[in-house]
Amino acid sequence: MSEEPRSPEHAPIGPPDAKVYPRFSGPDTFARLPRLDDVPGSADVALLGVPFDAGTSYRPGARFGPAGIRAGSKLLRPYHPELAVSPWLSQQVVDAGDVGANPFDIAEAVGQIEAAARSVLERAERLIALGGDHTIALPLLRVTKERHGPVALVHFDAHPDTWDTYFGAPFTHGTPFRRAVEEGLLAPGRGAHVGLRGPLYAQRDLDDDRALGFSAITTAHIARVGTDEVVDRIRQRVGNLPVYLSIDVDVLDPAHAPGTGTPEPGGLTTRELQTIVRGLVGLDVVGADVVEVAPAYDHAELTSLAAANMAYEILGLLARR
Amino acid sequence: MSEEPRSPEHAPIGPPDAKVYPRFSGPDTFARLPRLDDVPGSADVALLGVPFDAGTSYRPGARFGPAGIRAGSKLLRPYHPELAVSPWLSQQVVDAGDVGANPFDIAEAVGQIEAAARSVLERAERLIALGGDHTIALPLLRVTKERHGPVALVHFDAHPDTWDTYFGAPFTHGTPFRRAVEEGLLAPGRGAHVGLRGPLYAQRDLDDDRALGFSAITTAHIARVGTDEVVDRIRQRVGNLPVYLSIDVDVLDPAHAPGTGTPEPGGLTTRELQTIVRGLVGLDVVGADVVEVAPAYDHAELTSLAAANMAYEILGLLARR
Amino acid sequence: MSEEPRSPEHAPIGPPDAKVYPRFSGPDTFARLPRLDDVPGSADVALLGVPFDAGTSYRPGARFGPAGIRAGSKLLRPYHPELAVSPWLSQQVVDAGDVGANPFDIAEAVGQIEAAARSVLERAERLIALGGDHTIALPLLRVTKERHGPVALVHFDAHPDTWDTYFGAPFTHGTPFRRAVEEGLLAPGRGAHVGLRGPLYAQRDLDDDRALGFSAITTAHIARVGTDEVVDRIRQRVGNLPVYLSIDVDVLDPAHAPGTGTPEPGGLTTRELQTIVRGLVGLDVVGADVVEVAPAYDHAELTSLAAANMAYEILGLLARR
Amino acid sequence: MSEEPRSPEHAPIGPPDAKVYPRFSGPDTFARLPRLDDVPGSADVALLGVPFDAGTSYRPGARFGPAGIRAGSKLLRPYHPELAVSPWLSQQVVDAGDVGANPFDIAEAVGQIEAAARSVLERAERLIALGGDHTIALPLLRVTKERHGPVALVHFDAHPDTWDTYFGAPFTHGTPFRRAVEEGLLAPGRGAHVGLRGPLYAQRDLDDDRALGFSAITTAHIARVGTDEVVDRIRQRVGNLPVYLSIDVDVLDPAHAPGTGTPEPGGLTTRELQTIVRGLVGLDVVGADVVEVAPAYDHAELTSLAAANMAYEILGLLARR
Amino acid sequence: MSEEPRSPEHAPIGPPDAKVYPRFSGPDTFARLPRLDDVPGSADVALLGVPFDAGTSYRPGARFGPAGIRAGSKLLRPYHPELAVSPWLSQQVVDAGDVGANPFDIAEAVGQIEAAARSVLERAERLIALGGDHTIALPLLRVTKERHGPVALVHFDAHPDTWDTYFGAPFTHGTPFRRAVEEGLLAPGRGAHVGLRGPLYAQRDLDDDRALGFSAITTAHIARVGTDEVVDRIRQRVGNLPVYLSIDVDVLDPAHAPGTGTPEPGGLTTRELQTIVRGLVGLDVVGADVVEVAPAYDHAELTSLAAANMAYEILGLLARR
Amino acid sequence: MSEEPRSPEHAPIGPPDAKVYPRFSGPDTFARLPRLDDVPGSADVALLGVPFDAGTSYRPGARFGPAGIRAGSKLLRPYHPELAVSPWLSQQVVDAGDVGANPFDIAEAVGQIEAAARSVLERAERLIALGGDHTIALPLLRVTKERHGPVALVHFDAHPDTWDTYFGAPFTHGTPFRRAVEEGLLAPGRGAHVGLRGPLYAQRDLDDDRALGFSAITTAHIARVGTDEVVDRIRQRVGNLPVYLSIDVDVLDPAHAPGTGTPEPGGLTTRELQTIVRGLVGLDVVGADVVEVAPAYDHAELTSLAAANMAYEILGLLARR
């Protein structure tokens, strides 16, 4: 069964025993998992913190996002009953620590993130990035493309993030996916935004987005048709391409994720988002990020908990491959 | 198309360019729109702050509501994709500032609010009030009646607000709509409360409310029948009368709007409220308020964001007339 | 009608008149109801604070839960329109104050809680406990068993709470219902967990739970089938047995109940929980608790309000017997 | 010794034993002391909650002040080592509950507070009011005058509170001491403001204040001369007259008392205020209030703790008479 | 007298009457003063918001500082009793709004701030900048130098801000004063840091700082010698040179200013800082800034209030010239 | 010089370069120092987290204290200018992680803490514990006694913590130092409490404390005599004995340390505490703890910052040995 270690002698190293080290203690890695340097050989999945927020247009603070998500991950237990899988018993999951990214120079930071992700992927098969603002998706997609070719993008977000530039800056949290299209990182016509809502600049934003090859699924639509139909639509869109999964926590309603940079009322509940993400089981997820957690605006770790749980869902998908 | 200015030479004045003045800077008017005094001639719609909360029976603080709503409005962008309209490009929208209302004398304040609203309406065709507690609906309805005759009331709230008096006081946040009926401000039998829930004093509260001519739609009912049917029921109730739209943020669940005076579990989500309000497109909205935002109890501007977005929805309805 | 006092001369004593003592003033008992010592004879229902949290595995602070719930109860009014009943006009409801429970010795505290509940039940027919962490359900079930025999358990919670021991401790907030089964307090095969979700230790947790005689209804399932079907399933499970109702506020989504010890995304809304609890009308509820409110993690009394309203729902069920 | 009960058979009734009822449990009276109705005969000192804030000019919320102060009082223990006295073992101290005051009509509320204080003083020798905003000092001084004649006022506050009217209102939190002078409640030339600071309207504010018979001691002065000299100056001012002590928590720096209506940087520390108040030992304190605690703006009960401790200091002074 | 208008016909325009527009209402300019565009001719002093924080090394968020400081300024009244001056009755003070500064390109933003300040100074004699992070001091000093030649710097801060580069970036909040020395903006050997404390990188930091011509006064020293001696030392240092006053709110202890980017325990109280700043009366202050207010980390506007009061102190100094 | 590494080949391993890994990123050890397992050979000083709070009598939550203190330590830089020493360049400092302590059984936890401390001290010369509640001082003193014999205790706290039992429990946060005396862990008559204040149970508390051999220095006394004299008195008390330094953050005023279990107004400022601790330079500190940080009650890391800085001061003292 999938929740069993692959073999006794190669059992993945997991978190410390919660019966000895209570969950409020112990290593502050994601889910208290081992660090990349603490496991022999290579890992199946690495979580990588990307504490960077210089691309933020409104509320900054996602630089503290990786620390927030790790703090919010401590209650995670090893068995995912809905997916019937044990995310870190059936595969070796590690925390690869944080990228060192220049907070004062976006372009340099983008390069550093790209290099760090590439380096981690030499020692781990899959990478889940913990942001950080959405700017970081671009370097991550570059590295993903290198390994898997152009990917289908499943993008959970209140916003399309396909604007061109802000203040002349090409690399910001509102522009990564236009850059990704321009750089050929995405499989044409296979991207989907899920959870869009809220005011835009103009109708042209939507037209441009469509022209770039994206399909947009709004929360108003999701409320009408239900999560099952959304899952179907995403799966049709993606087909059997390798998938990059990008989850901006602002896809959640501000009630569920207050701690984020550009909150937008009318969002998904955590339950809806869990249902949709779980619906992607079986897809070939080759890369992922969970971004835009800004702890200074959070309360009682609401947002951190949600983000950590989304990373857990992704680990579940990877374990079910 | 509606999102285009009416004519090049009469293009409405909008907010400063967000590519020059980031959204976290610039004028602190609603959505950074021009002040009433900054536009030539008259405006199509004026937003008017009514910082008054002396009519509050539980948690005070709605006096800081207009400031809160304005702070929460900064992320609003010009195009409303669900309504396919640009609320402030197709009509001149302005911020008329705040009413000066006596915080120590409710009756005097009611008069001041009435006079201020009347004065603004000499320079603007429509008025959206930003409260303040619900007491303010009465003077606003008086002025609306002067211009449009008795109106149909669409009232989003956890509470009917048709109680008689509190502590002998006729003007409080729990009594405006009984007063409005008594004063003949409302078209008989054409009012609807949407979002009611929670404990009452007695069955008689409901009987009285019905006798005053209101129809009550509870959140339990909405959960059962869905938002479309609720929209139908409101539209049937209202017919083609001029409509006054009053949105008490406590119609939202406390998870979505913690910053309010009398929170009541079991409320609407922001998404449900958006859907219902958008469903009113085409009605002749002649006046509106968004009330009961108490920022001292808010977190990360959840409530302010929700309220600002509701004002934006109303602007959308007005732009679609 | 049920909301009328049983007879003029035996009218229950209620809260002070809200027209004289505003809701933000007066006694700090639950809903400002009389204390047990303030009513002659015996009461129909007593609310008992159990300020104890030494059984908490993650975020402590439920020791302040009773104070929090009482603070959150002040807006409750006497008439429950959905159940068409007046919870404290048709029966004498009192606040029995707090148990004195040793914070440093779980076993002793469990005994003290048991003794205090037994003592209160000599003066009141029914008891609703306000926790405190979930450890307290065990002594309460013991006392319930003494009076009513083994009961059906309707248990709202994100977690099954049927683990065996933590750190060797048999009495903790994760273990009360396994102990209850072992001690024969529950009617075999008649218990239901409602609202389960989130990661577990292993598939065995579910197998064990089933073997102990529980049926588990997850929030994913509730989202799929709707609240009516859940009510049906609970009622079938329970039959006409006496019922103990245990509501852990973490059954609610963290957005609705941030102030709790082990928050879990993907939970119920307050509206859903109200609907399900109201669906139990007519069952013979012989005991109840509302637990795991940790005010230090709450915001604007969100969690306290929700918990107080759940106690109000239970009072409504009791008034409808 | 003063900390001993007056006699075994008349030992004052105190709080429940903290070894049985932990401090986070039990009655929510001030310091968990008995209610006025729970003691036989009359009390030496009564604490009276005055949940009223309709006289507030800026941040409202002091209506929740009595509840806040009581919550902040739970850590108080029976022996005051600096004054070498046991405030509630050497005298019978009770909590007289809350005044019912009309939140919508200031004049009526002032009358209700006056009547309630008079009524409590029929059953208790001294009264300490827990506010509520500073408006309440006027009715309390009226009742004090009836029993003790004109009193010396020792007034701790950032502001003189001797303005004439606000918006035409004579009774507000900025005007009680001008009214008190006009009504002859204060001994001429024997009042002192301690802790003044911050901007005024004009030099005339100070001139008027002096003409009304007050001496003003600023925090800038206190910083220069030290607390001992301030104590001397107050004592000289007061002589051997009966004293009314009024403590507005905004006399403290906002760092020490953020939860208040009109915070003013540059204030006293809690330690300085304790030292000065203790320096008044031996004065004939005949009445007192602690006002302007607005819990919605508090954090971790900082302000409530400070206010509760100030009430404790006053109890110590009374016990040392 | 200085608090009188210069002449009846040229009386400065002040805020709206607080007896008509309560302080919680009205324009959201600093102290509700007129906007630059609302006064005829030129102003004596302009306050300019600089919402920029891309130079922040730790907690970002000072981009919301100008809004925070304006919100914290509403309680300011027109007369400063310690300085015996009416800051905005004796001189025309205006709010010049916000600079539009590129949040994604520090160098461009520095240029924009410089240009904006230059432009404002064409219409106002003196400028007080409301930050924003400390990066902004450099462009402000450039413009000051243009008009007044090299100035003496009086710099209140926990940190010297004379580091060379961070991550290779020359313009950050830790480096403005080294740049200023390099660019010849400061009078050699006439600068003073006041309030330094906390860990450094190495002894060399202090040596370098001294070599750059600064004198450092630590809070440990201030605690020992008192504020008067510190004032003397600053005045000796400055002589009769024109002075630029730069106040980083982190000079205050985190208890007094939690809402800042790099908090450092052991700081000044607001009272100490007020005393020292007031001690500079008579100096020729030709420019000033109040920086590093990060509202997301603030509580109850503690930091905003402190910063607004510091701007008020500076206005007082300017009025006393 | 002391801030230089002992020799090039044995230079201590320090934190990652802050020019590559911004302070908001990187390992979440104390000050981002290496873990005990990451350094070869033995360390000079180990910091050990003790996440345990089952001994807390009021507000729980110190179990999250080690995580809080580590988060608050990120701004610490390598050079301490007041002590002219580089705490982690002149000695090898490591983070030894967290003790696994049973949260449900105080006695077992005390044993686990003792064993863990003993184990760490086999690999490090000195240990600084990061609590956790004050219960943990007892096992730490036991281990200290084993290595250094009875020690002088310098104990910073609002409370003496020499009570006998609570609820019959011998090991709680109010009793460690009575136990320590009973067990002979302390050098008789050489202990000092610094910072006492607030109400006690009775005069006997002080008599008992004195009889146990402690000298008590109150904050009222410190305010009167100044920090220098306090330092002298402590040094006289301690003589040249080995010293155990125990810092309960509640020695600070709640304004400076709101996040703690039993806050007490009238405390020290962080500046005063720093001054006193620095005054102990040259003493032979052989063990230390910083306890009672309860992050759930903290704001903007005020308390965590203060506690982390206190640990830094202790590291400075150790580096100056």
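The first chain written gets the first letter, and so on, giving A, B, C, D, E and F; residue counts start at 1 in each chain.
Simple rule for what comes next: a contact is a pair of C-beta atoms (placed from the backbone, for glycine too) under 8 Å apart; a residue touches a chain by one contact, two chains touch by 3 or more.
Just so you know, these numbers come straight off a predicted model, no measurement behind them.
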Touching both subunit C and subunit E (chains): A, B, D, F
Size of the rotation, in steps of 5 degrees, that lays the CA trace of subunit B over subunit E: 180
Same-site or different-site touching of subunit A by its copy subunit B, using the half cut: different
Distance between the centres, which are taken as Cα means, of subunit E and subunit A, whole angstrom: 41
Whole-Å separation of chain centres (CA-atom averages), subunit A against subunit D: 55
CA centroid of subunit B to CA centroid of subunit C, Å: 37
Contacts with 2+ other chains: residues of subunit B: 22, 24, 57, 59, 63-64, 103, 166-167, 253, 255, 269, 297, 299
Chain contact topology (line, ring, star, complete or other): other
Pairwise chain contacts, counting only pairs that touch as defined: A-B, A-C, A-E, A-F, B-C, B-D, B-E, C-D, C-F, D-E, D-F, E-F
Subunit D residues within the subunit E interface of the complex: 57-59, 166-167, 197-203, 205-206, 218-220, 223, 253-255, 258-259, 262-267, 269, 297-299
Subunit F to subunit C touching residues, read off their complex: 53-57, 59-61, 63-64, 102-106, 108, 166-169, 172, 296-297
Interfacial residue positions of subunit A with respect to subunit C in the complex: 3, 19, 22-24, 74-82, 84, 86, 227, 253, 255-256, 269-272, 274-275, 299-302, 305-306, 309, 312
Subunit D-facing residues of subunit C, complex: 16, 20-22, 24-28, 49, 51, 63-64, 66-67, 70-71, 97-101, 103
